[in-house]
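Across the two complexes that follow, subunit A remains constant while its partner is subunit B and subsequently subunit C.
Here is the complex of A and B:
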C-alpha cells in the first residue's frame, strides 16, 4: 500500500528518526529540494546513518536523490542503496533515458553491495510537460519502476499555469497519469498538497484523486496522513461488498467453478482482484477466516 | 552524608540551609505534621484609626519596619509583566537595606534586574524558584546561600510550619480599596486569581498591597480581605498587561506533540478513573492543552462530564466550563484573558489559594481530589523519578510549580514528553535531580507510546484491556531507555563541584535532593 508517502528533510535528524511514528505507508528521505547546496554532503551521510538503523516500523523507505542533471545523484545512490533504501525517487524524469541511467547505476551498486539485482525500485517524478507526455514510455522503461508521480509546482510552471486551490491546471495531467500507470502496470501516486493548514482542501483533493484511481499521495506534513488514510480507506459498504465477492470467489474456486454471481452481478477475476485490494486497503487480511454476512465462518 | 529514600547523598549540614538530620526524604507521605501553626504578629486597627494608604513604596517599606536581614515575599501572578518585585528591591537598595531573604512564589525573566541587587548584597538568599539568567547565576555559584525550592503546596506548608517567617509581604494588587480589600479580577493589570498570595497575607508580620487601581471602600469580589492588609500604596502601573496574560492559548499543531497528547488521553480513557464526575488538571503547555482537547472528545464519546478542572486555568478550560463538559473550575492562577474574564463573571469559576490547591498539611488540599494530571519533565529515569528543575547541563532553570503536589495527590499521574528534545534524551538511567519521586508517578507517555510504572499493574491491565493495539503502543521502560540512548548517542556527564547551590524540598519539607554548582562554562 502506498496511500501516503511522507517527505522527511534529509538534514533533520529528529524528523528522519521519528517520521515513521506517524505511520505513513512510506517514507521519502529527501536529499533534493529540502537540503541546501552547502548541506548536501552532510545530509547524505545523515540519511545513510539513519537508514542503517533500520528503524522505520512498517514503512516502505525510499530516498529522493538529486536529479541526473546534477553531479550528486551517483553519490546519493551509492550511499543510500547499500544502507537499505528500498527505492529511489528520481526528480525531473523527462524521458526513458533518465530511468535507464538510474537503472544501470543501481545495478552496479547492487552487485557491488551484494543486494539482489533489481530489488531497488524507482519512483519517477514527472515534473515537466515532456515527462508527462512520455509517462507510459518512462513507466515501462525498466522493471524497477514502481510508480509515476506528477510534479506540483515545477510542472505547473512548465505548463505556464499557476497552482490553484481547485487544482484545475493539473486535472488533465492526473487523468493522463492514471491511464499511463495502469497501462504500464505501475502505481499512480499523486503530488503533495502544499497548504498544510487547510485540512478541508486536502480532503477534497484526496477524494478527487482517489476517485480518479490514484493509489495514494505524497505528504509533506505528518498532520496530513490521517486525513488521506481516512479518504483512501474503503467505506463500510465497499468493505462489505468486497468481502462478499472474495468469499463467493473462494467458494466457487473450492468447488472448481470459475465465474460466480454476487448481488446479481457476474464476478470474474479482475473484480475479485479489485475486491481483494479493497480489503487490503481496509487493513483486513483476507487470508484469515472472516465473518461472512450470514454469520458463517469461512476460510 | 546520608542517603535519602530516593538514594541521593545529602550532607548532614548545608551551608546557608542548616541541619538536614531528621529532614531527609523518607517517602511521599512519610512525614506528618506535629505541633501548632506559626502565625503572624497580632495587630489591630482602632475604629476611625490608622490610614492604610501611604504615598509610595519607600514610605511603605519604612512603615513596615523592614530592616536588613529580614525576609520579604512576593507572588508571581503578574508573571513576566511584573513591575513590583523590581521596584521594591530598587527602593530597598536606595534605602540602604541589605542582606534580604527573597521569598517569591516564582521569579520570571523580567526579574533579571535583581542580579544587580544580588551582586551588591541587597539580596543574600532566595527561597523560591529561579530561572533564566538568575538560574544560571545561581547554578554557577553566584549566590552565597543556596536557593531553596519548594512546590506550590510546600511553600504555604513551610510558612505555617514555621520553616519560613515572612517579615513583610508585598502583594501586587490589580484592584484595592482604601480598607485594604484586594482583588485580582479587575483593573488594567487584572490577572484573575491571586491564589499564591493568600498564605503570605495571612502569615506575614506586615502586609503591603501595591495597586494601580484604587477604588472606594468596599470593593466586591474580594480575593484577600483588608483584615490582613497593613498598608496600601497606589502607583501608576504594577505591570505590563502584555506580559501578565497571554492573548489566547492555542493547542499545538506540532504533530509529534499532538500524537503524544492523543496517547496520553487514550491512557486516561482506559483507566478506571475516567467516569462521570472525574477531576483533572492538564496545565497550559502545548501537550497538556492538546490532551484537554482529546479528553473532551473522549467525554463526548463516553457521555460523561468532569466535576472540576484544577490548577492554572486557560481559556480552553473556560470553554469546557461553558460547554458543560466541566462543572467547576478551581483556579489558583489564570493564564489568559479568557480565564481572567471568566473568573470575574462566573460563580462556577472559583479562586483558590495555593494552600487550598496543594498544601499537604491541611484538611482539604484540592490535589487530593484529582483523578488525573498531565505533567511535563526535563528528565524521567528508570525508577520514574522526575526532574523538572535542572537542564541537561545541570543548570537550575525551572521551579517545581505544582509538580510534586499534583503527582502526589492525583490517582493517575502522567508525564507527557517527547523522548528527545533536540538530541537531548528525556529518559535516562538516573535523573540529575529528583524533583518528584517515582512512587507518585504512574506513567510516561512519549511519541513511542505509553510506558506504565510496573507498580501500577492495575493500570497496565486496564490499558491492555482497552485493546488499542498498534494505535497506542505500549513500551516498557527498559526499551525506552535503550531507544533514547541509541537516538541521542553518548552524553557527556555533567561536571559539578561539591558546593551546594540549591536544595530541593519535597512538599513535606524534607530534602529530596540537592543541586551542586556546575563548572563554569567556557566563555565564547
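Here is the complex of A and C:
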C-alpha cells in the first residue's frame, strides 16, 4: 500500500529519525534536491547508517538518489542498497535507457552484497515531456519498476506551464500516467502538493487523483499524511460491500461455482479483484479467513 | 566552504568538519594531532553520555583506520548512529577524498 510516501531530507537527522512516527505508508530518504552539493557525501553516509540501524515499522523505505546525469548515483546505490533500501527513486527518467542503467548497477550491487537478485525496486520520476511520453516503455523496461510518478515543478517548466492551484497543467499527464501504469502493471503515484498550508487544496487534489485511479501521493510535509489517508482509505460502506463480495466469491469457489450474486448484482472476477483491492487499501487481510481472539477461524 | 555552523564542508588548514548544531545532530571537527588520538566532547550529551560517545567515536576511527587525530564534538542530542555518521564524514573529508 502506497497511499503516502513521505520525503525526508537526507542530511537532517531529526527528520530522518522521526519521519516514520507520522505513519506514512512509505518513506523516501532524499539524497537529491534537499541536499546541497557540499553535503552530498555526509548525507550519503547518514542515510546509509539510518537505513542499516533503524527500525521503520511497516513503512516501505526507499531512497531518492541523484540523477544519472551526475557522478553521484552509482555511489548512492552502492551505499544504500546493501544498507537495506527496499527501492530506489530515480529522478529525471526520460527513456528506458536510464532504467536499464540503474537495473544493471542494482544487479551488480545485489550480487556483491548477497541480496536476492531483483529485490530492489525502481520508482521512476518522469519529470520531462519526453519522460511522460515514454511512460509505458519506461514502466515495462525492467521487472524492478514498481511505480511511475509524474514530476511537479520540473515537469511543469518543461511543458512551459506554471503550477496552478487547480493543477490543470498536469491534468492530461496524470490521466496518461494511469493508463501507462495500468497497462504496464505498476503503481501510479502522484507528485507532491507543494502548498503545505492549504489543506483544502490538498484534499481536492487527492480526491481528484484518487478518482483517476492513482495508488497514492508523494508527501513533503507530515501534516499532509492524515488528509491523504482519509481520502485514499475506503469508506465503511465500501469496506462492508467489499467484504460481502469477497466472502461470496470464496463461498462460490468452494462450491465450484464461478459467478455469484451479491446485493442484487452479478459478481465476476473483475469485481472481486476490485473488492480485494478495496480491502487492501483499508488495511484488511482477505487472503485467509479471519481469526477470532480465541484462535478459532471464522468465515 | 563554510566553517561556521549548520552548513559545513571540506578540509581547511588541516581541519575538516561534518554535521550541524541543529537538534539531534552534532558538529564534528577533525584536526591533526601529534600526541595520539584525542577526543573532546561538549554540548547536550557531554555529561551523561561521554563514555558511550567516546566508544562510538573510537569504533568509527578504528574501522576507518584513521591516523592520529583530534576529534572535537559539539553535541545537540545526536543519537549513536548520527554521531558515527558525522565522524565518518569528517574523517573522509579530513583525508581529502570526501568519500563515503
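Everything below uses one rule, namely that the second predicted complex is superposed on the first by the 286 of 299 C-alpha atoms of A that agree within 3 Å, B and C clash if a C-alpha of one lies under 4 Å from a C-alpha of the other, contacts with A are read in each partner's own complex, and residues count from 1 in each chain.
What we mean here is this: a contact is a pair of C-beta atoms (placed from the backbone, for glycine too) under 8 Å apart; a residue touches a chain by one contact, two chains touch by 3 or more.
Remember, it's a predicted structure, so these values are computed and weren't measured experimentally.
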Subunit C versus subunit B on the shared subunit A, clash or fit after superposition: clash
Partner chain in contact with A:255 - subunit B first, subunit C second, else both or neither: neither
First, second, both or neither for A:160, with subunit B first and subunit C second: neither
Touching partner for A:48 - first (subunit B), second (subunit C), both, neither: second
Partner chain(s) touched by A:211 [first = subunit B, second = subunit C, both, neither]: neither
Partner chain(s) touched by A:17 [first = subunit B, second = subunit C, both, neither]: both
Subunit B versus subunit C as contact partner of A:222, first or second or both or neither: first
Which of subunit B and subunit C A:237 touches, first, second, both or neither: neither
Subunit B versus subunit C, judged by how many residues of subunit A each one touches: C
Set intersection of subunit A contacts, subunit C complex versus subunit B complex: 13-14, 17, 53
Complex contact set, residues of subunit A against subunit C: 12-14, 17, 36, 38-39, 41-42, 44-46, 48-50, 53-54, 75, 79
In the complex, subunit C residues that touch subunit A: 1, 7, 9-10, 18-19, 22-25, 78-79, 81-82, 84-86, 88-89, 92-93, 98-100
Residues of subunit B defined as touching subunit A within the complex: 253, 255-256, 258-259, 420, 422-423, 447-448, 470, 486-487
Footprint of subunit B on subunit A - complex, ascending: 13-14, 17-18, 21-23, 53, 197, 221-223
